[in-house]
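Multiple structures follow.
Shared between the two complexes below is chain A, which pairs with chain B and chain C, respectively.
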Partner chain A sequence: MGLLTDPSVGHGALTSIFVRHHNRFCILMYIASVVLFCMLAHDSFSSQTYFSENALLPGLVKGQLNDNTGSSFKDHYRELKAEAQYFETETPHSYLISKFKNLRLETYSHNFTLNYPLKKNTKYTGRNVYGILRAPRSASIESIVLSIPYRAPSSVFPNTLPGLAVMFQIAQFFRQQMYWAKDIIFLVTEHEQLGMQAWLEAYHGTCCGSPGVLDSGKLSGRAGAIQAAINLEIHSEKIDHIDIKLSGLNGQLPNLDLVNLAHRLCNKESVRHTFNNVDGGAIGRNKVNTYYTNLSTMLSMVMTQATGVPDGNHGLFHRFGIEAITLEGYEKKGRGIYVSVLQVGRVIEGMFRSLNNLLERFHQSFFFYLLPSTDRYVSIGLYMPCLVLLVGALFLKAFSTWIQHSSEHKLGDSLSKQATISEHLNVGVVSLITLGTHVLGLILLPNFAPAYFTYFWDHISTHRALLMGYGLLSFIIVCIMPILMKKCLNSFKVSNWVLLHVICLLELGIGLLCVSMHNFSLGYLTALVYVLPAIFTSSSQNKIGVKFLWLLVHPMCSLIWITAIITYMAYPELQIVDYLTKVIEASGQWMALSTVDNLVYGNWAFSISVLLLLPVWTSFWCLMFLPTNLPQKYKTE
Partner chain B sequence: MFIALSPKSIIEYLFMDKLLFFVCFIGILVRIYLSSSDFGSSIADRVEVSTPLNSWKRVIEGVSLYNENINPYEGDLFHETPLALVFFSYLTSILSDFYVTLVFIGCDILTAFVLYSTSKIYTKNLIIQQTKTKNIYNKEFNKLLIPDDFSVINPVYVCSVYMLNPYTVFSCIARTTTVFNNLFLALCLYAMVKRQRLLGCLSLVLASLPTFYTFGLVAPLMISCASTDSKKKTGSFLITFLTCVAISCTFLYICYTIMNEWTFLDSVYGFILNVRDLKPNIGLFWYFFTEMFEHFRALFVCAFQLNASILYVVPLSIRLRHDPLLLATSLLALTAVFKSYPSIGDVGFYLSLLPIHRHLFYFMQQAFIVSCFFVGCTVFAPTVWHLWIYSRSANANFYFGVTLAFATTQIFLITDLLFAYIKREFALKHGMKRMINGKEARLMLD
Partner chain C sequence: MKPCLLLTLTCLHFSNVFVCQANHSNNWAVLVDTSRFWFNYRHVANVLSIYRSVKRLGIPDSQIILMVADDMACNPRNPSPATVYNNADQQLNVYGDDVEVDFRGYEVTVENFVRLLTGRLPPDTPRSKQLLTDEGSNILIYLTGHGGDGFLKFQDSEEVTSQELADALEQMWQKRRYHEIFFMIDTCQASSMYEKFYSPNILAMASSLVGEDSLSHHVDPAIGVYIIDRYTFYALKFLENVKLKSRISMKNFLGVCPKQDCISTVGVRTDLFHRDPAKVPITDFFGSVRPVELTFNFLDISNTPLQ
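Our next item is the complex of A and B:
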């Protein structure tokens, strides 16, 4: 009970040490956080993956898929290639439907329309084809999905036809088996993620993005509740390795058991399997090398997750509580041993047989993890402290600012003087600034401002209009705030603006914690950028260096820095002028893409930056330009 | 949360009046805007706001069953008293949906003004008492005196906290019946400072009829309505208590005559006591009783309910017998934490009572941490709820963690407030400097 009732709390020796040296402690915490994060990749922090759900194990029996019964893979593939070349830019719907029907699947097609949100009267239509294999051993209560994005030969992405041929082969084999207790849906989608999203929305009868943007249409046939889904992208007959992709929309991850299952089955079928295109297992590597490989794998996972954009069609399933992964088979270049398509088929067979045996939906194992390797994981209990250290630094800063301020005024130790404390906090101005910055954030939300920008700059392309709109607005705010603060609020001169400072720090801290509960990577990377300037800021008399630092991390500037780095890594040979135009172009495209993602899929990245980062940034910017008295002057009063 | 503008001169007193109107205006505007937007219905569906006991949806269901001549207490749906049933049935029959919302908003404004005058009278009484007893206290007491301007500022704070607190705003736009409950509680507090026994008893019974936990407020009512003559004190206590019991019995009998049977007792009080609905809320019951083995249930129900209802009444009444309003505040806060179906409307109500005790703030130490945790929990609860229910990636433990933190925060706040009262008392008698043999002494609460 001492914690509750000891009156010396807040005035004790330990507290005063913390308060006096809080900046040093904050920086220490920042460094500790980064160090701890890097340590996570080490074997002593990550643990070996394991199966938590025993019901998944039966699929590890010998695979039976073969080329001997019915038409072989080669036949399917040849037929498919001929058909695909006939339609240069379109999907051969009628062929797919007839093919599914020949395989004796219940076949349906599904139409959808996208009303492009940033340009009026622009519509795109698409059509998915899917076939359902009804389970002979139960009513249609549950189902599993095998999906493939169809890519016409003119597509910029690598083709998926071999995967489609494997699907036919698998469907033909599955049709003959008697052990299915869950329906199996074979789904061929069009227009990459858009088709997938439309199909999922139609299947569940909801709308995830802005209403009226994606018209998902209706499905004429359904199976049971989807338990799991596997998205297949195989680019060639001769496969070098299978890469297993996890990152979903808004950084959601599938259950670790499903990921383990995929890796384990690949192992069993001796298919080379990777995560983020890096092999697992430390055989043949020394310890230092293993650590570096693990670290880079983990970092690349963090980068992928932080964007909040799914790295495959599987990512859209997660929101509906469906566990899903993508198996991407890369082409084997040159000679040597390759993985045959049939081996991959057997991996999928094993996965489906395992999933078929599930009695409850995935609930064991982990939903929050980082993977430094194919067979190791870092659980939430280990990586969360990294973020807690960063956010803790913000809280410590807020706490010590507050204590310092109140103890300064308590020196007089009188109740009547307490009134003067509150007077110096200027609630009115502070609430006006806080409210104003958040209203600004609300206005800039993707379903409001972009439509006006594109309407205003009608003649230029969308991404330029967006970049100009947001850029100009940010520029105006950056320039006008200091003048506004200095001129209009001169009568409100006080020694410091503790309340505003504390509110900013707390909002940033709590906001980051909430973001990282959903998407750790995004939360952590944002924290890495924004915690440092927040620590260096004080509630009065900020140095010019701090102001400059804040200017560098303005959300728009951050976007440009990130694009600049990525562009440099992608095209190191560009001339400086070309390079700069490329960076600007890419930033604009990134914004347009993010806006559309928000409106169609409900991606939060844009909303977070506009509703959390921008208001906090603007409040900090105001804080630094609010008029203050010199401290000496105040003391003489 | 305890800081705002503080005027010094008479001109600024007038400014307080303007501030009061401004705050009320903003409060009303926010309520009307939010309840007319889509936001209102999504707030009403939140488990933090609507519990089985106070949700408007259930009231509507119960009323329509009643109008169809079906007994609403037969199912497990309706848990208001028959009095409320008749009242809401009448209300919905004469008013359209929009006007019903206005009734709720009107009740909230009324509550705010009752609290305003309660605070005003209470602070004035405190100052009068202070001038009487000045001589008893230590010479250093000047610093601890309640300044005169508190009687002007505190009421405005109380009113503005009630009008602008998101908890009460959400509770109002979700049209929870907690709004009416809060009105009766405010009236009861008003009767306490006015020392009006009959009004106090009546409003107390009306407030405690649907939840019964708040019947504990009879203790501060007894103390405040007692006569100053020490011989008659016991008799006066007894009269207050008996009046409350008598009014309760009368109301229960009226309820009986409305329904013509006693089944409503089980639907209202049995439902509260046995905790039959384990839907998550901000309280501590749901998680505990889902996890527990069934045959221990009776034992733990008794333990939990005793803790929530009467455990603190007697000891706190003895300790805080000189300050019935503080006693009432702490009892309300404790029930809001420990009762079986708490909602943020209850939390909002006792939070708005805190500025009444502003003279104690000087001795409170956890204010910063407590307010951080309040904000944090308020933001976290919907976040982990989303992860649990929609994303299916988190689980019940995450949400329970947040509610546990919320309860702990509230207990910190209550303890801090009560301890501040004791520290102030001590300081008034012995001065601010706590020195024993030249060393600084520490106050301990044993």
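Our next item is the complex of A and C:
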């Protein structure tokens, strides 16, 4: 505070220009940030990807996987399909175990239980199967994972059986090779991400979500520390392209070297490979088209990352310091050239041989990046300034507000010397508001409130109960705050509530910076929404338009807006009534999913919205309605 | 031949050892691979190939100090265990039966290397780990690994600087530990390593100039590594044609690996060397002086058992 309370501060020529025109500067910074962000996709801001890790030796070795020795892919696939059809909704565990044993792998199975957190006495159980191929000439201190989520024929997700058959084929081939320096774990998980999370927790002997929710059980067999993992989802025998997926839990990304490795090997084996289903390279596209393609690819990456939900099972590995990606093979529809599963098998073989060469964990290349294309990246040094500009606008606003206030205050001081700072700033009321809003946020954390909501509205489905609970609470706060402020705090009238205003701005700015250090996409998108109303707000006498703007960006409203846009994009043909019901339903499901994600996987998205956004929003909302004097007071005196 | 024979006879009175035409009395080789890790396979292949060549040309194992920083042959990633190849056609296993590695693995350190050169070793050091040279010794020093401007990295943890190396060689000169040295180095920015040399009778050659990388020659797709470096590859190709009695001079050898083959520029330093390289046979460094002992007594070889 020394700097801010120093009377000489704020009277330099430059400072006074900043202070006088701070709103213009803030808006300029906001625009600059958006422009810079859009520029990132341009080739002059992104650079060609490259390998930083020497040990990988990517693609030097010739792929040797073939169909000639042992059972062929077709044999494995036929057998597997027959077995899968026999179990409509379940995983054929005993078949998988005997298959792995036949492939001469050390085979184990792993049981886990989910105590569903939003309903009492609801349990789900599952079982993963995994086989370990021990490195023949090396100690079991390191390992690599090849995982596949098993999907029964009744699953809503596209099937992964061809991928599983490729895994058998690969396991059979790998078993015969003697050059493995790391153990290889072949893992078949159940219940999508849940099985994977349970297996990882059991492998590392830890619990990532709320205690008691996911009972991850125990593993009877273990290999060394996992260095890298590849998750495989191949939907068909005839593959159109392989899409490489990165986004992990809470927006964590795998090391760029692993991503490059996958692209390099696909290239080598002439497999069409994409990122966010967009091909890389600029062949056949003109400059403008390339730019738009890059921009849309980058934006879709930002959108995926911002949700904080992994887009494949790979995303759960990242928090354990394990680099992982998903290779998803889409079906080739119709006639024409297709990619065979054997080619994909060779890609995996090549990746595993490169990973086998690793001497240390991946650490050389980027962990923070945005990808506008398969072969270009934007480094953290270039995208961070976008966010810094937005947060900088908030800080500039806070600084100018404070300086303006202190200069006015001095003017008043000369007239009434007895006035102390606390009288002008109303420290008591401000701290009460700040504390109150944060306590409210704490109560609304997924660990507390949802259980009460579902208990209270026992007869309706969980997601509706959650939406009603949070919605009602938000509505009450929105309505009650203005009345409370106007009626009860009338005696605390001051010319403006500068302290509360500055605290709100600073908290929002610092909070956004912290969020974006972990998940840039989430931080940046949130900043885009919240910075604009924050810089239009003043310490007193806010216009009705600003109040309306704040109402629009209430976390609950934002959720509904976003869902509305997504729903409209997905189903543009819906009638208005159907559309609205769908939006409300989907918003509720979002909340329920987000709550469960928080409790099971430790996803932060929900916590951020109730611990940062909601308190800051509520404080700003209070600021709108706090009683003030007319500002002409000093002038008339 | 005549004067040579005469000289022989006169020499005999003083010692049984005889040197023909050469000014030195014995040959030594110090061959060092400084880098470890599987992806540096090529450096081990480099040094083992040179080892094989000098041994073929007659320097005995007792006079070769071989330092190899990592064991590629037994690396679990090696698809053909107990072998090291220097060519993708895999014709020649340079890690054959008769390879004597004197310093291996983590023994390959800057300290050990400098102590070896200067002879400042603990008294209990085995003979195989000593450079027992004298003022009549010609030494071939071959280094390979990862280097930069003015240093050569050892073991991924330390490095020897060009100044330290130059000082070590000066110590050797002052301690009369050599007659002539041929210094060969295959690293990135290799020529920076000989720039600081100031001791006499050193002929130096480097795979690349300052600011240049030394590149690998080709990949073995079966092993999955870069298998040999360009400079060493062409040097070996040259050495393969050298026989014990070849009259090839050092000048020919200094022209090995021109820029279109090496991509980097081979650097040569001759100002410290007092002879004309064109008149120095290559066997002065790569071959060995054969100590010949003449006897005037009859030896009965009829009873020698035939093998």
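As a convention for this text, the second predicted complex is superposed on the first by the 608 of 637 C-alpha atoms of A that agree within 3 Å, B and C clash if a C-alpha of one lies under 4 Å from a C-alpha of the other, contacts with A are read in each partner's own complex, and residues count from 1 in each chain.
One rule holds in what follows: a contact is a pair of C-beta atoms (placed from the backbone, for glycine too) under 8 Å apart; a residue touches a chain by one contact, two chains touch by 3 or more.
The structure presented is a predicted model; accordingly, all values stated were derived computationally and were not measured.
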{"item": "Which superposed partner A:W402 touches (first chain B, second chain C, both, neither)", "value": "first"}
{"item": "Per-residue touch tally on chain A - higher for chain B or for chain C", "value": "B"}
{"item": "First, second, both or neither for A:H318, with chain B first and chain C second", "value": "first"}
{"item": "A:L506 touches, of chain B and chain C: first, second, both or neither?", "value": "first"}
{"item": "Partner chain(s) touched by A:W617 [first = chain B, second = chain C, both, neither]", "value": "neither"}
{"item": "Which of chain B and chain C A:Y377 touches, first, second, both or neither", "value": "neither"}
{"item": "Touching partner for A:F100 - first (chain B), second (chain C), both, neither", "value": "neither"}
{"item": "Partner chain(s) touched by A:G428 [first = chain B, second = chain C, both, neither]", "value": "first"}
{"item": "Residues on chain A lying within both footprints (that of chain B and that of chain C)", "value": "none"}
{"item": "Of all residues in chain A, those that touch chain C in their complex", "value": "54-57, 60-62, 135-138, 177-181, 353, 356-357, 359"}
{"item": "Chain A-touching residues of chain B, taken from the complex the two chains share", "value": "3-6, 8, 143-147, 149, 359, 361-362, 365-366, 368-369, 372, 375-376, 379-380, 383-384, 386-387, 390-395, 411-412, 415-416, 419, 423, 432, 442-445"}
{"item": "Footprint of chain B on chain A - complex, ascending", "value": "1, 4-10, 252-253, 318-319, 321, 363, 367-368, 395, 398-399, 402-403, 413-416, 418-423, 425, 427-428, 499, 506, 510-511, 513-514, 517-518"}
{"item": "Residue numbers on chain C that touch chain A, as the complex places them", "value": "37-39, 75-79, 81, 219, 221-226"}
